[in-house]
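Every chain is named by a letter (A, B, C, D and E) in the order it is written, and numbering of its residues begins at 1.
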Amino acid sequence: MSEPILRVAGLFGRIGGQQVVEDVSFDVPATGVTALLGRNGVGKTSTIKSILGLIDRSGGMHLGGTRIDRMPTHRIVQLGVGYVPEDREVFGSLTVAENLRLAERDAAPRREFIQRLFPDIHDRRAQRAGTLSGGQQQMVSLARALVNENRLLLVDEPTKGLAPRIVDEVAEALAEAARTVPILLVEQNLHVIRRLAERVVVLSGGRVVFTGEASDLLDDEDRIQRFLGVHDATDPHDTAAGSTR
Amino acid sequence: MSTVVLLLVTGLGLGALYFLVASGLSLIYGLMGVLNFAHGSFLTIAAFLGWEVGRRVSDGTWWGLALSAMVGLAVGAIVAAATEYLLIRRLYERHIEQALVTVGLSLATVALFEGIWGTDPIYTQKPEWLAQTTEILGAKIPNDRFLLIACALVVLGGIVLFLRRTRYGLIIRAGVENRSMVMALGIDVRRSFTIVFAIGGAAAGLGGVLASVYYGYVSAHLGSVLLIFAFIVTVIGGLGSLTGAAIASVLVAVLQQFANFYLGGTGDLVVVVALAAVLLVRPRGLMGKVA
Amino acid sequence: MTDHPVLSLEHVGLRIGGARILNDVSLDVPAGEMLGVIGPNGAGKTTLFNVVSGIIRPTEGRVLLDGQDVSHVAIHHRAAAGLGRTFQTSSLFQALSVVENVRMVAQAHAGGATSVFRTPRRTDAATTRALETLAEVGLEHRADAVASGLSHGEKRKLEIAMLIAMEPKVILLDEPMAGVGSADVPALTEVIRGLHRGGRTVLMVEHHMEVVLGLVDRVAVMHHGELLAVDTPEAVMANPAVQSAYLGEAV
Amino acid sequence: MNQQLTDAPAPARPSAPAPEASGRRPLVLAIGGVALVAALATLPLLAIEIPGVLPGPTYTPGTLQLLAYAMLIAALALSYRMMFGLAGLLSFGHALFFAAGAYGLGMTLNVFAPAEWSSGLVFAVSIGVTLVLGIVLAATVGALALRVTGISFAMVTLAFAQAGSVLIRRNPGSATGGDEGLSLDITNVPEGLVGVVNTRNLYWMALAVLVFVYLVVLWVERSRAGHVAEAARENELRVRVIGIRPYSVKLLIFIVASVLAAVAGMGYLLLQSGASPRIATADFTLTLLVIVVLGGVGYRWGAIVGGIVYTLLDQRLTALAGSDFIAGLPAVLRVPLSEPLFILGTLFILVVLFLPGGIAGIPQRIRSGRKQHPVEAEEATDA
Amino acid sequence: PTTATGGGDATDAGAPVKVAMLTSQTGPLAAYGAAYTAGFEAGLDYATDGTGTVDGRELEIEWADDQGNPDTAVSKAKDFIGQGYEILAGTAASGIATALAEQAAQNKILYISGPAAADVITGANEYTFRSGRQTFQDVATAGTFIGDPAGKKVVVFAQDTAFGQGNLAGVQAVLGGQGATVEGVLVAEDATEFTPFAQQLLGASPDLVFVAWAGASSGAMWTALAQQGVFDAVPVVTGLGDVATYGAYGEASDKISFLNHYFGGASGTDVEAAMIEHLEAAGAEADLFSPDGFVAAQMIVQAIREGGDTVDGMIEALEAWTFDSVKGEITVRAEDHAMIQPMYQAKLVQDGGDWVPELVETIDAETVAPPVAGE
């Protein structure tokens, strides 16, 4: 296997003095989608934020050979990292166009690509992002990351709150993006994971409990149950209610 | 008739002075959400140092005044940038604390200026022409008012260009809302904050030098007097709206002149009543953006 | 109880600037029904809830609660009249403890919430009620935690607890499952089912189709601010317009 | 406000310290409080000396006067904290109500003296009249100012206070004494409250005012209304959605805080035998803000500690500024150190930067060993 | 009656006398405070022949800073009174002086007010004296510039403050009483633009303009009057302030007629020479309020020397006391404790790059004596 694009070794992260990421180590290969999985509150988001230096962190991290654990966030991003945050975090008082303009790092941003991918938000260029619907905000957030050429994408729950059809489209877009850029993806929707992920890293209580090929986890009911707490994941369209007693 | 013209034009001059102070205040508040109580101190220190340098070179000449203005601009910018760097930056996204720090700074600096330059006003010289008057429609208008108006227009234009032509305005508005997300887009938001503070400070510095021309003196309290009106103007104009601040400056100053003259010196009262009225009718001020 | 629907919308429309956000929405919800509201992102679902709860005034049409026109009634009066809701993104009193969050609601419901003459106590009715409610959603062990420190799923549960404490007649749930991990979905589904079981009327916006289909009596489909259809889950799922606009190939 | 219409995520706020969880009121605290008040009450009978802090032994009029003044300022700060710290209402006009109490009582005593009444009655009725005037003023200003929020609220209150300040300085009908201030007409003031011999009584009066204000504040903050106010500071829309109108609660808090300020103002008039226009200025309100933050916004007793520390510091720093020690220093040190306000301002900056919980937050910081940020009023950030 | 410090036997046994001096060492009036203090030191030295004692009794003089803030001043005064100080003196701020006068009355101690000019201090109560001049005397001096006031029109140009209003009332009383028509143009204290008011002055076409102005805005005000040509149209009188303000009049300096309480060298008396000598030795310079401090020291020494230990004795010793001081012979009027003293007319002349005052005429004390307060 070639050099990983991101190498995380012994990462610790703190929020307000509290340890939320503990000694996490994993690699993100230079191609394809690596999924970061785990139940609510295990520290997935915190891991991504630690990588970007958005929370207090320590440990060894290399992005394509460059050491980044001491770098300020903006420098890391300038190395070619795209980030889609968990709670969308669009700038509510700025218009959609301004949100996108702010995100443009490259000399030749891929505006047409974005327009093709999300025609709806293109039509709403002049609207203040704060007044967008939840799903529309999610699209802006994704678009901000996809508008540049990146060496790595960090994507945190991109399908949260999206209509099923849009979920498909986003998955499609990520799949397309993954052809040229490696992605570290946090996702709850197993359907999406199945479709995209090649490798998985599972967190529990702030630690890594499983790493391996996606199929190693997803084809093994037992592991799914153990690591993700889900009973019946083979058919994501079965009613959730039906699977509980 | 000539009285009305006089009141109007001198009102415009005073409005220009208000605007010079308010522009920086509005820029800093509008973009960064920092209610900067130390803005008056930026102005005062610039006025003092501008005067100190100006008088050493050539007091009361155009050359001396120009030099004072340059020094004022530089001092304002440097002091403001230092304030941002040393104090404001540590408290990002905590706007109340940021305002409080500037309150402390203004208390401390005014006391310091008193310690250094004394409590009495120091009277300043100005170029001959500025002490003379020009007659417009029978009213003898002091020439320094024209200088004020011209400078205010230049500053207005300059800042508008800065915001239009550069990404800074965008970066900062986004940064105030969510600083870490801006960094996560690969932008060094801290530098932008410092630059905005420096620009606001430079405008205040220029305002300080011109205020010393207008009042004919420099003193430790020069800034505090103007600050309160600058606040009023900024708020009436709509927080963060530069054109709003410009319009409000002129309205407030002219209103104040007329009320002072015709309504038994009630200028200040009328202005604060106007402030309350405007806010109650339009909580975001005249030109404030609907959030 | 009564023959008229507990909630009805009559030709409700909303324009903001030039944009039509809602267009001629008419809908009757009989008492005790659980109604799912689905539609593409930006269809106007949240806005519809905002109009019903009074956060936004409609520019056209009327909203009737229990037969009374409430279109121009203030938010808090509607709430006091028995209309409860949650928000798409958790909206809590972040600095207050979990039990205080719920007690606030219990007091509002019992009246005299703003009295200076009454002091909340560990043992008073409102607190007891709050603790009971927390037990119902399984949050009693977190009663003294500060709300801002809860995990995502716990916040969702707290929102529901606050709703229960209000004892509303009509409940609006805006994407209660968003961001809830697959592992917690079943439990939360049960809580929502419990809400409904008390005979309450529930309107729920949700993108998790499996959850919607397992719970609701009828489904309303919104698109571009209009109500496309209101029908049984089966009929709606079979509707080709719904499939193309909303579900996509996933079905 | 609109921001919340479409579910924009509310910015996560650092949580407020909750020093006393409601409903749990350990008896120890109450007993400690009573003991503290009792100890303070006996001070004038003791001869305790704290060199460097108090100007003399505690029974001397100078020291009692200083302590009484500090307690009145503490009472005022306490009322301000209720508004700013509890309800998140950043007012720039609180001085107006303090001045209303002081000037109101002073002016009433000047004009209102029916000959047939006993002076005790005149005094009591004057206090009553002033209180009523205070309530009316507070209700009017509050009802108007609370129609707007955030910085606009701050500015509307500032406008009212400025108007009051200008009026007082203008000396309409020679009623306020203008720049020279109003001096107390002692004809109808009880003899026990006049003169340096009676400083002790004035001290007890100030202590009574402080205790009274504290109890009212405690009562309101502990009440349901207080909790709703706190909740409304956190999330106003949410309060409405659960069926409560925040406006009335905020107005209530505003009025109570303002009337308490007026009570402190009356105490001030009696203590100082007069009132000066300084107490009506925006600067005075800013001083209060400084005091409250210095003490710790998250804590009731923070305001008290802040008020007392500030007053004592102000006094002692002035003494320091005039000392020979300072005079002997080189200019770089002498000039700043001989300006009390410079030292106070610098100290204040340091507290805001490095002690976010204020003085009252120190124990909590030591205990938890991590940073605590005081409550941030949401309104001021909603530009 | 407040304290029993030292016991009863201290009365004439040469026990020290405690004197409390309150004045601004910081704050807006710090410069006045400094001049007053220097004057006081000189006066004390002069009145006690350099011994600092009166009849063998030590004077324990304690200085305190009022910060220009009445609250601070009252607190300090109470502290002093509580410690058994028997004499209180000082302050340049009228607001503080009235508050201290109140304290003096409440606590029955002697108070000698400093440079504060408000007329109300005169006759405030029997315990209160003053060592400086009062507004009325300024105004009356202004009146001496127009000869016979009858039928003349005088406009008072002042700030709308207690000080300005007091001056207007004074002019109305003095010159109005002598048959002049008096009008006031009062400008809001916070106004910064004076040009229109200069126009208004001209429009009134008066025979004399009396300007009563204090504070930093005076420079701008004089510039406005000059620019609008007021000086070319009508004689203008104002009070000459302290040395720091000599530069404030700009272009107009030599066109203004000044009334004056005091400037260095105005009186030419022996006492003045002694004061200046002492001031210069101390590195200070004679200024507007030097005599106020000097006189205060003389009064305190007199009160102690002749009045013994009771406040009533001190009051008696001061009332109707006539003595030689910096400005010549002055008298403490018995009825209301007004300070009957000469005043000066002056003008500014250029000396190198600076403006310096020059005496025009000395106005007799009786000519400018205020009417008895309260009558």
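To be clear about the criterion, a residue touches a chain if its C-beta (ideal position, glycine included) is under 8 Å from a C-beta of that chain, and two chains touch if they have at least 3 such contacts.
Computed from a prediction, not measured in an experiment: that's the story for all the values here.
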Least step count from chain B to chain C, where 1 means the two chains touch: 2
Interface with more contacting C-beta pairs, comparing B-E to A-B: B-E
Centrality ranking, top chain (CA atoms only): D
Identity of the chain that, by mean CA position, is farthest from chain B: C
CA centroid of chain C to CA centroid of chain D, Å: 43
Whole-Å gap between the CA centroids of chain D and chain E: 37
Between chain D and chain A, distance of the C-alpha-averaged centres to the nearest whole Å: 50
Residue numbers of chain B (touch at least two other chains): 114, 178, 268, 291
Shared interface positions of chain A, touching two or more other chains: 87, 89, 92, 131-134
Sites on chain E at which at least two other chains make contact: 26, 160
Residue ranges of chain B touching chain A (in the complex, touch as defined): 167, 170-171, 173-174, 177-178, 180-189, 289, 291
Chain E-touching residues of chain B, taken from the complex the two chains share: 2-3, 6-7, 10-11, 13-14, 114, 118-121, 123, 131-133, 140-142, 214-217, 219, 221, 225, 257, 260-261, 264-268
Residue ranges of chain E touching chain B (in the complex, touch as defined): 26-31, 160, 186-188, 190-193, 195-197, 199-200, 216-217, 219-220, 223-224, 227-229, 244-245, 247-248, 250-251
Interface residues, chain D side, partner chain C - complex: 4-10, 12-13, 15-16, 18, 21-24, 219-220, 222-228, 230-231, 234-235, 237-245, 248-249, 252, 256, 375
Contact set on chain D toward chain E in their complex: 55-56, 60-66, 69, 169-171, 177-181, 183-184, 186, 194-197, 199, 272-274, 276-279, 315, 318, 321-322, 338-340
